[in-house]
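Each structure below appears as structure tokens.
In what follows, subunit A forms one complex with subunit B and a second complex with subunit C.
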Partner chain A sequence: MSKSSPWAWFWIGLGVLYFFVPLFATLEFSLKAQKGFYSLTAYQVALTDPGFVRTFTFSLTMAAATVLVGFLLIVPTAYWVQLRLPRLRPIVELLTLLPFVVPGIVLAFGLIKLYGHPPFSFTESELSTNGLLISGYVVLALPYMYRAVDTGLRAIDVRTLTEAAQSLGASWPTILFRIIFPNLRVALLSGTFLTFAIVIGEFTLATFLNRPAFGPYMNLVGDKTYIPEALAIITFALTWASMGLIQFFSRGTPGQGPLAGTR
Partner chain B sequence: MAQLATVEKFTAPVTPPATRQFSLAWLGVVPFFAFAIAFMLFPAGSLLVGSFQNAEGAFTLENIAGLFDESIRNSYWLSIQISLVTAVGGGIFGFLLAYAVTLGGLPKFIRSGLMTFSGVASNFAGVPLAFAFIATLGRVGLVTALLKQLFGFNIYDHGFNLYNFWGLSVTYMYFQFPLMVLIITPALDGLRREWREASEILGANSWQYWRYIALPILLPSLLGTMILLFGNAFGAFATAFALTGGQLQLITLKIGAQIRGDVLHNPGLGYALALGMVVIMAISLIGYSWLQRKSEKWLR
Partner chain C sequence: MAFLEINDVQKQFAQTTAVDTFNLQVERGEFVSFLGPSGCGKTTTLRMIAGFELPTSGRIVINGNDVTHKPPNQRNVGMVFQSYALFPNMTVADNIGFGLKVAKKPAAEIKQRVEEMLKLIHLSALGNRYPYQLSGGQQQRIALARALAIKPQVLLLDEPLSALDAKIRVSLRNEIRAIQRQLGITTIYVTHDQEEALSLSDRIVVMSEGRIEQIGTPFEIYNFPLTPFVASFVGTLNVLSATVTNAGSGLLQIEGQPIRAARPIESARDGETVSIALRPEIISMNGASAGEANRLQGKVEDVSFLGSIVRIRVRFENDFIHLDTFNNPHLSLPQIGQPITVTFPREAVLVLSRAASAA
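What follows is the complex of A and B.
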């Protein structure tokens, strides 16, 4: 390789500044809750607030439900398309790309218009509104989950595994849950952490469906001082942890990079 | 024909008798399609239908015509401008960073560090991102205060404001250029060493290599990824809402206000606003996939 060019160092230096200055500013600000010296007071206050605990637990539950529903929907479909219905692949892929065309705010609008009034009043009860929120999150995560699963399925020999299992007398549920799912570990873990990163601070859908989630809570405490900054740092750390875990689990598996987001 | 028949016989063990298999095979994808219809196609379709209905539910084109009213046109235009600025700015900066780590001869750890950080930053958006930039470039933000202290320069006296167009652009850039880095780095890896060597043997200098070989090969991926960035910023709601509190007349913020309380006093027009967004996103995605196919000719 040629020796490094000064321009390369210049651009990287600029990139490092862009990445770290806002982080540093936020961190520094969040530590100034006590006058005169740095302390973790803001974090202590933020983390022990009952509102934080309640909304964070709620968002965690929603994330878990999204992962569960998403994979139960996507894995059998992707598996079946690969094995039996390759003709459907273009249609399924097109559908999984649809969330890119429909921004979160438009999805929220559509869901509320369709399911917020009779004849389908899903927003009447808490349980069904949560169901609606989970469905919305599955839609948001769909492109990333599907891509992860599809790459995972291409890497294993689905047909041979299925034939081997069938000749040993396995039923379809056994094949799916004891052979296909375990073989997709890496894809499922990447998809899980990516979904977690998307859902945990999600604001748009949760706000308009009026759910007590972590994203709207953060916006609510936005007019306090020191607490929002502490929450921003906590969220950043969580995002970093999710991405780090994805990289850790998908070492040596191409195409499982961390790519997602709700703006 | 005969050959095809043998192939089918060999794969037969997986497939039960043909008549039963047909109906059963389709059943396997029913849950997915039912979900897609219920939570993607129907909601989108209901917005589509609503865009062409007046308050009494009769067919009308008035809502679509209403999209060209001045205030709404301005909202679309503001959203498009901010998306263009951050897509082009983030695209160029992301490309330079990707170039630095792939072809700039930097140590290996810088590349993996950049990739990790890009993965995190491209996912760090919404409310917490707004908080981070308020702490940085807000009226009492760290950088604002530092500039004032060190150089006596108050950026707020010189036209900068975190809560308007340029402030929002600077904030959006935080998730825009990392996304560019993530997508364009593999494309830069695809530039073969042989192409450079061949051009050098033929007497080309560095500028000629980039102008006539590398850039034309990379151009479809560059433009395609910028389109992706455009859509990324165009649909953004949470960051803008948390930062500006709905002050800025972005189209997403306008739709948000409409969902909350029919600020346009015309539900049909609200649905048309959403429809207009979907149309713009669809056009950009079609452009993206077209460019994607062009770039696959050389790269990979």
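What follows is the complex of A and C.
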């Protein structure tokens, strides 16, 4: 067993301080709403504010819809690329990285410019504007969702499992929904939680499409003291809980051990 | 009309011909193995029968129905893969019942059939396990049960034992053959392992570079190979160059030493060079073979101890042969460099129909 270098511990310590000192400072400040002692007043105010509940619920709904639409679009695409069009993989990967290159504001203006006027006019009703917002969120979540799904697909022998199912009489929808989707459970969960984390805090698209989302709400309460810090800690806690859930579901899931059908 | 007919099937991938003019008739209940080295086209042919590859030309007919262009899920052909391909998200019972569920069979019928299949493969107690909780041998038996559960017209096995260790391979091999005989199912078995093919099959199709080299029973393939490739690929074989001295009388010369074949040589004329094949186990040392045996004189070049047999390499001037003798601790082995006379019967001389370039 190799001896740990003191420098390794130094850099780890520095990293921990870099990440945790601001977080601890924010937490500590958020607990100081009452003078002279620590309290959860800021959290109480934040969580009981009707605006918080409304915007958070709205963003959660949007996130759920984004996950659903995203996976219905991405899983069959990634599956087909892996199975039949492996040569297209670099092109598809490049396309999925575009949201990193195109700023959110450009995406927002692009969507409004193209779909906010006839013949589409999607911004004329709340429902269709929500649809536009979900489409934008799918694009923003694309790099994370695609990578999660692609990694999951690479972990199973997609081709052989598909052929085994075909030889047993299964049609394409059966293969997709009874073999592929269930075997991507961990990958889908990872993609889901990452998408939730992105959508919950998203600001630009929701603001420009004028939707009551959690991101703009956090910005609105930004001029108050203690409450934004409490909201920041709540958001952190939600993100970490999501990551914890990914870890939890990754362990001991039936069929997700050493996979049969893999070499 | 045969139960499975493969007529003039050809498969090309871009400029490469993977399978060339493949013709085969398989009778109902027959066990046929495709044997050959990697890249010989055996798996591609199997995949065309399964429907995973479309032939470039030719026809595949199962039980009188042309299935050449039918998708794989409409062929009722069971397939067992080298990598098992069990569905990781399903229990053993669900895996076996998958094909029946897809066919919308009643739940009671599925349950009964799954139990039947589990009993057939002697794994009745493992129905609730997941594939990752099973050994490789168990997984492959489940894969076999899953393929058989749908009562397929033809069972296809693509190197099903390659990923298993030697002992399990032998026991599972025997089990596959027993089940196949019990159910009488028409079976195509792809392997590169000659021992597997010889021990399992009613007939063997030996393939090389996309072409059929020979079709025959294991006995025919082993004892009467028609080409140098079959001779060299199946079993250990000595392939030697010989000059025909009298084709009508079956007379030849190996490096100036005369030998005689049991039958007249039809594939060559006097003075031509042919390839002859000799199995190592039929050659004896120092005149052990009596009567009208052929004799060749050489020197012992190497002695290899292989457990139950000892393999001796005898060098002539330019060529050499291997001969096998049973290991007997009470007999002394020849020494390296020692002159030796090897003998073999005339019937053992196989004059191959093609030149020795492939040997």
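The rule is short, and it goes like this: the second predicted complex is superposed on the first by the 230 of 263 C-alpha atoms of A that agree within 3 Å, B and C clash if a C-alpha of one lies under 4 Å from a C-alpha of the other, contacts with A are read in each partner's own complex, and residues count from 1 in each chain.
One rule holds in what follows: a contact is a pair of C-beta atoms (placed from the backbone, for glycine too) under 8 Å apart; a residue touches a chain by one contact, two chains touch by 3 or more.
Note that this is a predicted model, so its numbers are computed, not measured.
Once chain A of one complex is fitted onto chain A of the other, the partner contacts of A:143 are absent, as it touches neither subunit B nor subunit C. Applying the stated contact rule after C-alpha superposition, one finds that A:100 touches subunit B and leaves subunit C untouched.
When the two complexes are overlaid on their common chain A, residue A:179 makes contact with subunit C while staying clear of subunit B. Greater residue coverage of subunit A by touch, when subunit B is weighed against subunit C, goes to B. With both structures placed on the common chain, the touch criterion links A:163 to subunit B and to subunit C. In the superposition on chain A, contact is made by A:171 with subunit C only, not with subunit B. Across the two superposed structures, the residue set of subunit A contacted by subunit B and also by subunit C is 163, 166-167, 257-263. Against subunit A, in their complex, subunit C makes its touches with residues 50-52, 71-79, 81, 83-90, 98-99, 102-103, 130-134, 139, 143, 146-147, 150, 156, 163. Only residues 13-14, 21, 25-26, 28-29, 31-33, 35-36, 38-40, 42-44, 46-47, 50, 93, 96-97, 99-101, 104-107, 110, 114, 116-117, 119-136, 141-143, 172-175, 177, 179, 182-183, 231-239, 241-242, 252, 255-256, 258-260, 270-271, 274, 277-278, 281-282, 285 of subunit B touch subunit A when the two sit together in their complex. Taken in their complex, subunit A has these residues touching subunit C: 156-157, 160-161, 163-171, 174, 179, 182-183, 185, 254-263. Taken together, the subunit A residues at the contact with subunit B in this complex read 1-5, 7-9, 11-12, 14-15, 18-19, 21-26, 28-30, 73-74, 76-77, 80-81, 83-85, 88, 92, 95, 97-115, 135-136, 138-139, 159, 162-163, 166-167, 197-198, 201-204, 208, 215, 218-219, 222, 228-229, 231-232, 235-236, 239-240, 242-244, 246-247, 257-263.
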